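As written, the chain order gives the labels A, B, C and D, with residue 1 at the start of each chain.
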Amino acid sequence: MSIAMEELATPGQELGKASELKAGKGAYVSTENGTTYASLTGFLSLIRPPSDSVDQRSTVEVTGHKAHGAVPQPGSIVFARVTKVMARTATADVVCVDSKSVREKFTGIIRHQDVRATEIDKVDMHLSFRPGDIVRALVLSLGDARAYYLSTAKNELGVVSAESVSGGTMVPISWTEMQCPLTGQVEPRKVAKVEA
Amino acid sequence: MASKTGSTPATYSPSPATHKKKRIPIADVDWVRPDSRGFYQCRPAYLRTGAVSPAAGSAYAEFGNTKVIVSVFGPRESKKAMMYSDTGRLNCDVSYTTFATPNRGQGSDKKELSSMLHKALEGAIILESFPKTCVDVFALVLESGGSDLPVVISCASLALADAGILLYDLVASVSVSCVGKNLVIDPVSEEESYNDGSLMITCMPSRNQVTQLIVDGEWSTPKIHDAMELCLGACSKLGEVMRSCLKDVVTDLKE
Amino acid sequence: MEYVNPEGLRLDGRRPMEMRQLRAEIGVVSRADGSASFEMGNTKVIAAVYGPREVQNRSQQMNDQALVRCEYSMANFSTGDRRRKTKGDRRSTEISLVIRQTMEACILTNLMPRSQIDIYVQVLQADGGTRSACINAATLALADAGIPMRDLVTSCSAGYLNSTPLLDLNYLEDSAGGADVTVGILPKLDKVTLLQMDAKLPMDIFENVMQLAVEGCKAVDSYIREILLENTKTLEIHRGV
Amino acid sequence: MVGLSVGEKNFIKGGIAQDLRNDGRKRLTYRPIYVETGVIPQANGSARVKLGETDVIASVKAELGKPRVSHPDQGKVYIYVECSPTAEPSFERRGGDELSTELSIALERSLLGGKSGAGAGINPASLLIKEGKVCWDLYVDCLVISSDGNLLDALGAAIKAALSNTGIPRVQVREAASSDEQADVDVSDEEFLQFDTSGVPVIVTLTKVGRHYIVDATSEEESLMSSAVSISVNRHGMICGLTKRGGAGLDPSVILDMISVAKHVSEQLLNKLDSEIEAAERANEEEP
């Protein structure tokens, strides 16, 4: 539905009246004078509302030519590398948010209770993750001052890639185990069910 | 490090808009400014984004002899373990190269400049857009040639826009000095050292809002009116120059 | 130099066993939980107490008693020659520690587990005996804050110059290089909680000097109690009891 | 820091909108000012100013120094502010440094005038003893003992009072000394010169809360501010310095309006302060 307008906007540029134009990404509405302004440098695009919607205003978006690096938001799916596993928590560095890689390091924490959805009390962190594992996780919240809270309590979340002690990339054999193709050794993990 | 890449076609050359020729007849025009500008004439501005490649955004500004480079990092995890906050944080740092001033290694108070830069910018950034994280702005004054702070502020705002940080508006900053009966815009170091008063305005040109205002010396109310008007006019023009600089970069990237 | 003249008078005209003029006021910092100013002659300090409140630094929290903290700072203009003082230099760290330990000994910390009490002392004028003045001000501030204490702590110093024991040394006498004994006592319990001395003294003279300081403490105590009583009375009047 | 609930915030805001603040004041009314001078005997001049529950001390100390090479005909004035942790526990250790620096800079800007000395509260040329050789260095040290908002105005008033209380020894230059040597001076023990402090400006801070602005905000009101503008105004109604705080942008016309309001308020404040200083000085003279 979007119609690309080959027009450039810069932050603070007036785009129109808020009564006629809704602000999408890269734009905002000033409450003082009811004007929609751009907040990014980039190309303007106008998205027409679906014809049956009550609000017949178009939404204006500014697509940055160089938007800032991805930042984890509550609800986004991230890939993270486990750095430290302790009895009650595992710490991981976020490397990807949705499909974008991050430019700066963000720390996340997977708490004991957020590892899996069932039998929470029986979770053993050391049997779920190992340092170096790549996990797919959901950002639960912004967490505390230090880290984001991550969760792997879903079938499609958990370890997606792990190396065995001997250095081979392991293959999942069940939702709790992975096997090393070199030695045949089986190691416990909270494995993610990856869609083919 | 950025250098003047005058040969590349991407170079932004100062448009005539930078030369403000709003000459108002002044009673005692018996002296000439050190760089023989008109009293109400700004120095030509040279602005360019993307001067520092590892940074998320960066800009280089040159106003006469004042040369400034600003890099922006983030949004990223704040280095200092601070209290949790719903909004993002801005961290500013201004430093001088040892060769920025004639006396080696003698910069003015950087802590003061850093806090003033912070105050000038924080009102223009949509801090809610990056909760819990922190944007670092590092400004380096390569050469100090007067009106350093306004140049640093304008350049930093350009770097923030380049980094794709959501902004309410660009921030343009201009200062005037009062010398005797006259107001001189965009003073050079020499003029700053003997002025009777100085006024610096930082504003968001298209929102018509002042984010920072600093005055010292003795001013009458009409004079403050004049000086503010002069500065605001110059700010809006500087804002246009900054906009066209940002647009030029995108257009160049496309080609 | 002659610190006691033949008539038996000291440089500032006091007798050897005479204390400087005491003056105290309660509630000088209205935003604090408890505060007091204390003057001993030209030495003037302000103490403010915040707490008991939540422990700021979790790792310092104690489950069986309250955490007592103290910070001592000197104003730039407090001494005769102006100098820019850096916070946290050795001297102020040492005095902070002395005050903290002295006050901790008299506060019933076990009644307020997992909480924190901050004592801030600010020297406005320093003319010898700042340590003692700070402790006296802190006692008053703690009492004003309503923090349970075993007893009031009071402190006073005494010295020995020109073979005369002198009570409550001022800056000139303090810097003369003679012995300087600072004593802090719990007057009602008749216990010594603080005893510091520099330079050296023969045992028998030391006992005399210390006894003199203890007498000084007792005099301070009776003054402090008077002030506290007066303050309580005014509070009562304000309440309309 | 002041922690206020939404209800409390709305209550304060509502009161300000109706020109009736929590403590019964109007928007442009100051709290009662209490001035005491000569509180620090070892300084050349000192004053303690209480503005409601805000309590500050300023002291002035004069020392002989050498003029700056760039301004050989002027003495030097330095202003330092220190925030005692007695005022706010968060000021302990280095916690108050940021605020101290901010206040010092704002005070220097408001009271010391431009680079050439124009608009300065104390004419720096009057501190000169011998050009390029000897001058007085004035060290203005301030201490915040208790803070309940509007520190800058209180500090400005305290400095003005302390300067009025200051006596600088009369100095005679011995002409015998050869020109390139450090000048030889006689500092008198008996004769003291007073400053002309009529030119020292007062600082009026207008704090914008909602759509209105108020003077002399308490810390509760300050916690609601969107921005604040501190304007220093002298007897002649000239603006001697201006500092803006707070991130929110202001419309230029609002700033100009604030300046005219500040000028109006400053007149009353100056008169009030002058009479308080005079009363304090008189009380001092009567005491001994």
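Just so it is clear, a contact is a pair of C-beta atoms (placed from the backbone, for glycine too) under 8 Å apart; a residue touches a chain by one contact, two chains touch by 3 or more.
Small disclaimer: the values here were computed from a predicted structure and weren't measured.
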item	value
Other chains in touch with both subunit A and subunit D	B
For subunit C paired with subunit D, centre-to-centre distance based on mean C-alpha positions, whole Å	32
Inter-centroid spacing, subunit C versus subunit A (mean Cα positions, whole Å)	59
Where subunit B and subunit C are represented by their mean Cα positions, the distance between them in whole Å	53
Geometric centre distance via CA averages, subunit B-subunit A, whole Å	36
Interchain contacts, given as pairs of chains that touch	A-B, B-D, C-D
Residues of subunit B defined as touching subunit D within the complex	111-112, 115, 119, 122-124, 168, 178, 192-199, 203-204, 207-221, 224-225, 228, 232
Touching residues (chain side subunit D, partner subunit B) in the complex	70, 98, 101-102, 105, 109-110, 112-116, 118-119, 229, 234, 237-252, 255-256, 259-260, 263
Touch list for subunit B against partner subunit A, complex	56-57, 73-77, 81-84, 86, 126, 130-133, 161-170, 204-207, 239, 242-243, 246-247, 249-251, 253
Subunit D partner contacts - residues on subunit C that touch it in the complex	28-32, 35, 42, 46-48, 50, 71, 73, 75-77, 79-80, 82, 84, 87-88, 118, 120-122, 124-125
Subunit B-facing residues of subunit A, complex	8, 10-14, 26, 28, 30, 37, 39-43, 64-69, 71, 103-107, 142-146
